[in-house]
């Protein structure tokens, strides 16, 4: 029942926030309700940690060591983003970029978005998983076009069409999966339930699963931001409001990758070959290369970090592709730290853009002088995302590199090159933005910068030492993903 | 030659309907007017719902009757009606689109069909449904709708492509496995409906901001930052 | 064939009867072809609220032309003069091959579906060459356009014929008609597509609307008529007659492949008669259909003709593919 309540809170919140209207304190309510979700998810995590995987509502929902940490992470980043978005949106409103009416849509759709992601994560049914991910697209598409500017509408349209097309391929893959499973499990709901599929994964028809995986990879891969269908991602990130960029990068990409990994486990079982692994490795590498070299010429700060998200998703996909407990562990860790770091960066970047009235990097200068806390936040966040030693990203990237050296040595130079280029570009750009002359400035409302530092602190902790319960979590998840 | 079943005529009929669906997909690829595209979409939905109905009858899966009914309501009546209403309100019904060379598109389309038939070949060997040979047709429809979306420059036509892609998927699901579980099918139908509504909202937003539904004005982000 | 040696007179009688059947079919196609054209024209007139000229009008035209003297253009080579005979001759030959009334044709094995396409091409090439022979710009233009249409239509025709022969596992026209006509009623999606495609091909190959308008001499748009401009007298009569035979033959192919019910399978008197009756009935319906179609269609611009034929080709390819995917 705990699972249901985790899902019910955001859904109810969406309704409440939609009916409540344009109250000035709606943002507080938004944060408060998300806080409830987060607390609830912690209880769920505790339960799973203590008594193993949970099945609920006639096996419709399934929470195990793999998705519970993503559920908690989603709820947590959802919470901090809600806290951050309060002042941020108020400033936007003051600047006249949005109206209270739109704010109401924003709050409501935000909760629906959380709901769809939690549904995708906790669902045991692969069909529902697909529906929830499509639902997440639908919920965010109007959020991306929130400012109603030409660029934002165009970005939202691109997002909608590309993801719609991509996700349709995933549905075809799901149909094929069902088709293969149905012959063993019989028709009816059972053949799409992941727990059942997992048990019979060695008996599934290999040829069908092979084709199914190609479709699933293309489909969910679009959503993960894998090249060559990554085009929607920078646009949606750059033109949408910053809190949405933060949750898209920090959460949605993770959820899509989660879906892909769930399917990969089944395909690996059926195939007796490394096809799925090799394809994921290949796409991961390609994505990294494409993303890193696209970074070079970016001038828009949010776009730069959007490409960085693509790069990191490439790393995680690559790591999942390599497989084995160590690489999978690294991939899971990387998903966590990337999600925390990237959302914190977007928080800082959002306010930085507000202060400078532009997202063009060339016009943002001396952030540390202007708003010291913000400047430091952005700088530390960038250090973290670049994989500087004390932070968690370093740990995960380091493990990925070591495993790659052992399992696929030829990929190491490519990985190193990508990391180096990304390092150079971001280091140089961020340096120019945070350093330099500037006069102290203030935002109309005090920004909520506490989430920025909270995230970074967590990433730091994860880099220095992983708490035993978390390590145990990751390991048990990594074990069964293989 | 034909899969053994009590009613070969029924199976032939389903095959024929599948062929019609494919034909409509091609007609969509070639049609220039928004309104005729909407009409074709309705036709496709009709053939689809007929074929689901027939498959339901042949296989005795009662779930599929609901599915056929939903398809009929959603894809033949509701969505075409919404689309037509929208295009009348936005005055784009008679829009004529200049397409990239139709014969070339057609030949690419044929390539797509060959590709999907050959891709479906190993799948249908493993299938047990009477209508398994239509999996390839379903896949071809999905990819052809994809082609429609790529080659079009108008918002409305891209949407119709998107929706007809959903038709192709449903068709594949029906013929490969006698339909997905009911919950999933319902949820997918809901998604499609919400999607269509959001499209509608979008049209107005695009119209308001760009004063046209022609996506050729969507060029700003293409060469970002140059 | 075993009893042929034992009862020679029966064998001779059999052959004679078959020959008679062949003769009957060829003669009826050749002689009744103008009636079919007359019927189509009659329907068109009625649909367009004009006073019809009567179903026998094509005969009257032919007779008039046959009586007139031949005027040859200066510089006309022998090619120009022999072309009408070649065109008419190939159509006559084709009439002996296409199973219209009966499938029991002794000439049948002489040429299969592919050769038939070749025979039609032969006639067309001579027509185009003779149109160019005179050197008038119209003839030249018509010839070039005709060749463009033909070159686009030919692959489609081949695909349709391949589809039909894949189903019947033979390229012989008679065998195709027999297999398709003799089978238990089955719906072949491929045949549905092939029929549609072939119908489009008929329109294009026979210079009907929407590719060409057979009833005008509008210089900018004409194709077929442009090639015949320099012909007169009996030459023109033969050419016109030839094209009416061609139209009938194309419809006969359509009928024998896709609506083959009722066609006679043996050369008995009753069989021939009933085959003939069925043929007339089906032509009657198809002719009406053609007239209706032509009255509702507008002529396509010449540059849209490739699209029209691409559609035909596409349908033919889908037919071909759906045979493999849906029927094997």
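Residue numbering begins at 1 within each chain, and the chains themselves are lettered A, B and C in the order written.
Definition applied: a contact is a pair of C-beta atoms (placed from the backbone, for glycine too) under 8 Å apart; a residue touches a chain by one contact, two chains touch by 3 or more.
Predicted, not measured: the structure shown is a model, and the values here were computed from it.
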item	value
Chain at maximum distance from subunit C, centres defined as averaged CA atoms	A
Chain nearest the overall Cα centroid	B
Chain centre separation (subunit B, subunit C; CA means) in Å	38
Inter-chain centre distance, subunit A versus subunit C - centres from mean C-alpha coordinates, in Å	66
Distance from the mean Cα position of subunit B to that of subunit A, given in whole angstrom	31
Touching two or more other chains - residues of subunit A	none
In the complex, subunit B residues that touch subunit A	61, 119, 122-123, 125-128, 139, 142, 146, 149, 155, 158, 162, 165-166, 169, 172-173, 176-178, 180-184, 187-188, 190-191, 194-195, 198-199, 201-202, 205-206, 208-210, 215, 218, 220-221, 224-225
Residues of subunit C defined as touching subunit B within the complex	186-190, 192-193, 306-307, 310-311, 313-315, 317-318, 321-322, 324-328
Residue numbers on subunit A that touch subunit B, as the complex places them	125, 127-128, 130-131, 134-135, 138, 141-142, 145, 148-151, 153-158, 160-161, 164-165, 168-169, 171-172, 175-176, 178-180, 182-183, 187-189, 191-192, 205, 207-208, 211, 234-235, 238-239, 297-300, 303
Subunit C contact footprint on subunit B (complex, rising order)	1-2, 8-9, 12-13, 15-16, 18-19, 22-23, 26, 30, 102-103, 106-107, 109-110, 113-114, 117, 120, 133-134, 136-137
